[in-house]
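Below: one structure, written as structure tokens.
Note that the chains take the letters A, B and C in the order they are written out, and that residue 1 is the start of every chain.
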Amino acid sequence: MLQAEGLRHHFGPVRALDDISFTVQPGQTLAVFGPNGAGKTTLLKVLAGLIQPQQGRAHVAGGRRAIGWIGHQPQLYGQLTVLENLRFWASLYDVHVPADLIARLGLEDHANRPVRALSRGLVQRVAIARALVHDPTVLLLDEPFTGLDRIAAEALSRLLAQHAAAGRATVLVTHNVEEGTGLATDVAFMRAGRFVHFAPRAGRGAQQVADEYRRAIA
Amino acid sequence: MLRHAWAVAAKDLLVEFRSRTAILSVAVFVVLVLVVFNFGRDPTAVSNIDLAPSILWVTFTFAAILALNRAFQIELENQALEGLLLAPIDRGSIYLGKLIANLLFVVTIEVIGLPLVALFFNVQVLLAPLVLVIALATVGFVAVGTLFSAMTVRTRFAELLLPVLLLPFMILPLTWAVQATVRLLAARPLSEIAGWLNMLAVYDIVFLALALLLFSATVTE
Amino acid sequence: MNMLRAGRWITFIALLLLAGVYVRALAFTPVEAMQGLAQKIFYVHVPAAIWAETAMVLVGLASAVYLFTKDPRLDRFAAASAEVGTVFCATVLTTGPIWGKPIWGTWWTWDARLTLTLFLFLIYVGYLLLRGAVTDPGMRARFAAVLGICGMCEVPFIHLSVFMFPTLHPMPIVLKPSAPSLPWSMLSTWLMSLGVFTLLYVGFVVQRYALSYLREQLETVGGSHA
């Protein structure tokens, strides 16, 4: 569903991606852990087509239409209501807002409030709804749990599990090993633009992965 | 492409309609500039008909720059621009959408400003050819301004840099528009302004095409 | 660094030759009947104007190719050419009024040609300011390229515009469709001066190019420590 072949990219002197190759199959969730500045966000942007890699190729089955993105920023317009935001983004994908989307994220009471008036946790939930509005088959998540309240975090975990169960692919990058491990089928550690570890999770728990991560990165 | 462009423009206009602060402040700004012009001259020395074209165009220029400055601000607030780039739409339709919204915004200001010029300076401005001149000049500098504001908004001193970059590009269509306006207000025959209109039209076509081509370079890494 | 030294030598030779051209212009070229000695400034004014515009076109062309190939050398060249173009524009804008004072009786008139050189100058200044206002090198190069291409496309409009305004400025006497209406002695001096300005442009650009290359190397060293 998603393929990266020999990706290389540098910003001036900084090597952000250094020969990264991997494949993500339907139903797989790849969690990429790395410290800040390891090139995680660059990797996601290359996969999403936001950055043209200097070498190598990234391919997503279905192209940009298939990609859902949740990043640091909610990508919403503060002056517009939740519903107006969702309708706008849906129109860019030539779809209608799915009827149950707002209910799935528990936003029924807030649909007609401007995003600017919502709490941070609620905004994050709207951002998740925004990313799912066109029913993407490949999800790209950049530190998705940062700033989420407990309800939103649980809702996101549930949605990601459903997404994977429906035979879809996910790539998640984060510096926080505890957050991502539970959902991952595959785990990669990234340092200075390279995958220093890349293997199926194979039943490893968060604690074990965290220990291995510390050893690999140190 | 046009459908998505319209979606982007409609969203911009809705955002603008919700807050209404930008359009109101620019409208007030236009009135103030006109009033300042009125007190900043000696009415016995320069006649209205000689001064009106300059006043008209200087006012529109500064109002347009104020309007253009805010164009990409809302896209950067929550990184919405990244969302637009991720969507399966042409980069050109993002540009066109912003251009349409900016044009409507500037035209609104001009619709407010034009009768005020007529009122304050007692000149006959509701002439079809003058509307054409204003339309042609506006398309030209809003096309370039939309492209430039996509860049300046991500630099330091964005509010200052946009006029510094844009004014040298605005002055040319502006001088043609002023020349045409002078002749129109003096009730000269239309054939005298054909040359200026041609220049404005060619400028519009060249820079519109150029901006459509170059826009993706301002947003794609 | 060799390139920097080469640039300095070229510039040095060009400046020597410029002095030579002026010796020739003052001592061995006839004084123009109408304008007298003031006409001598024409040997600086016109070549500088030609290179100020050519530099803008070269900035635009390098920028256009840059957007396709993303070759950093083209970006460095565009930046260097813009800086040199700015200097030449400034030369035109200072020599113009010096000539204008005795001939027109005023330092500055809002004459179309002079005004439009001022636009060109302002486009250059905007270009350099934009480069200074963006920190990310990739973004700086892309933004500068966009502005450079727009600047290049503005040049023909500036030219067209000149012919639409009444002007006091002497009409082109060298670059015009019919044969140059200039005595050979003046034309030969002028052609030499044009050659010298070409050399001057090359020398300046090579130096600026080498300097910005060195600066990038320095940033790379600094970056690897970060």
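One rule holds in what follows: a contact is a pair of C-beta atoms (placed from the backbone, for glycine too) under 8 Å apart; a residue touches a chain by one contact, two chains touch by 3 or more.
Just so it is clear, the structure is predicted and the values come from calculations on it, not from any experiment.
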Fill in: A-B against A-C, pair bridged by the larger set of C-beta contacts
A-B
Item to complete: Farthest from chain C by Cα centre, which chain is it? Let me know.
Response: A
Worksheet, complete the sentence: The distance between the C-alpha centres of chain B and chain C, rounded to whole Å, is 31
Practice prompt. Please work out the Cα centroid separation of chain A and chain B, and write it as a whole number of Å.
Written response: 39
Worksheet item: CA centre of chain A versus CA centre of chain C: separation in Å?
Response: 50
Practice prompt. Two or more other chains in contact with one residue: find those residues in chain C.
Written response: 138
Practice prompt. Provide the list of chain A residues touching at least two other chains, using ranges where the numbers run on.
Written response: none
Practice prompt. Can you tell me which residues of chain B touch two or more of the remaining chains?
Written response: 221
Fill in: Contact footprint of chain C on chain B as seen in their complex
144, 147-148, 151-152, 154-157, 161, 164-165, 167-169, 171-172, 175-176, 195-196, 199, 203, 206-207, 210, 214, 217-218, 221
Fill in: For the chain C and chain A complex, residues of the former touching the latter
136-138, 216, 219-220, 223-224
Item to complete: Spell out the residues on chain B that touch chain A in their complex, using ranges where they run on.
Response: 4, 7-8, 11, 14-15, 18-19, 74, 77-80, 82-89, 220-221
Worksheet entry | Residues of chain C that touch chain B when the two form their complex | 67, 119, 122-123, 125-126, 129-130, 133-134, 138-139, 142-143, 145-147, 149-150, 153-154, 157-158, 160-161, 164
Worksheet item: Can you name the residues of chain A that touch chain B in the complex?
Response: 45, 48-52, 63-65, 67, 69, 71-80, 84, 88-89, 91-93, 114, 130
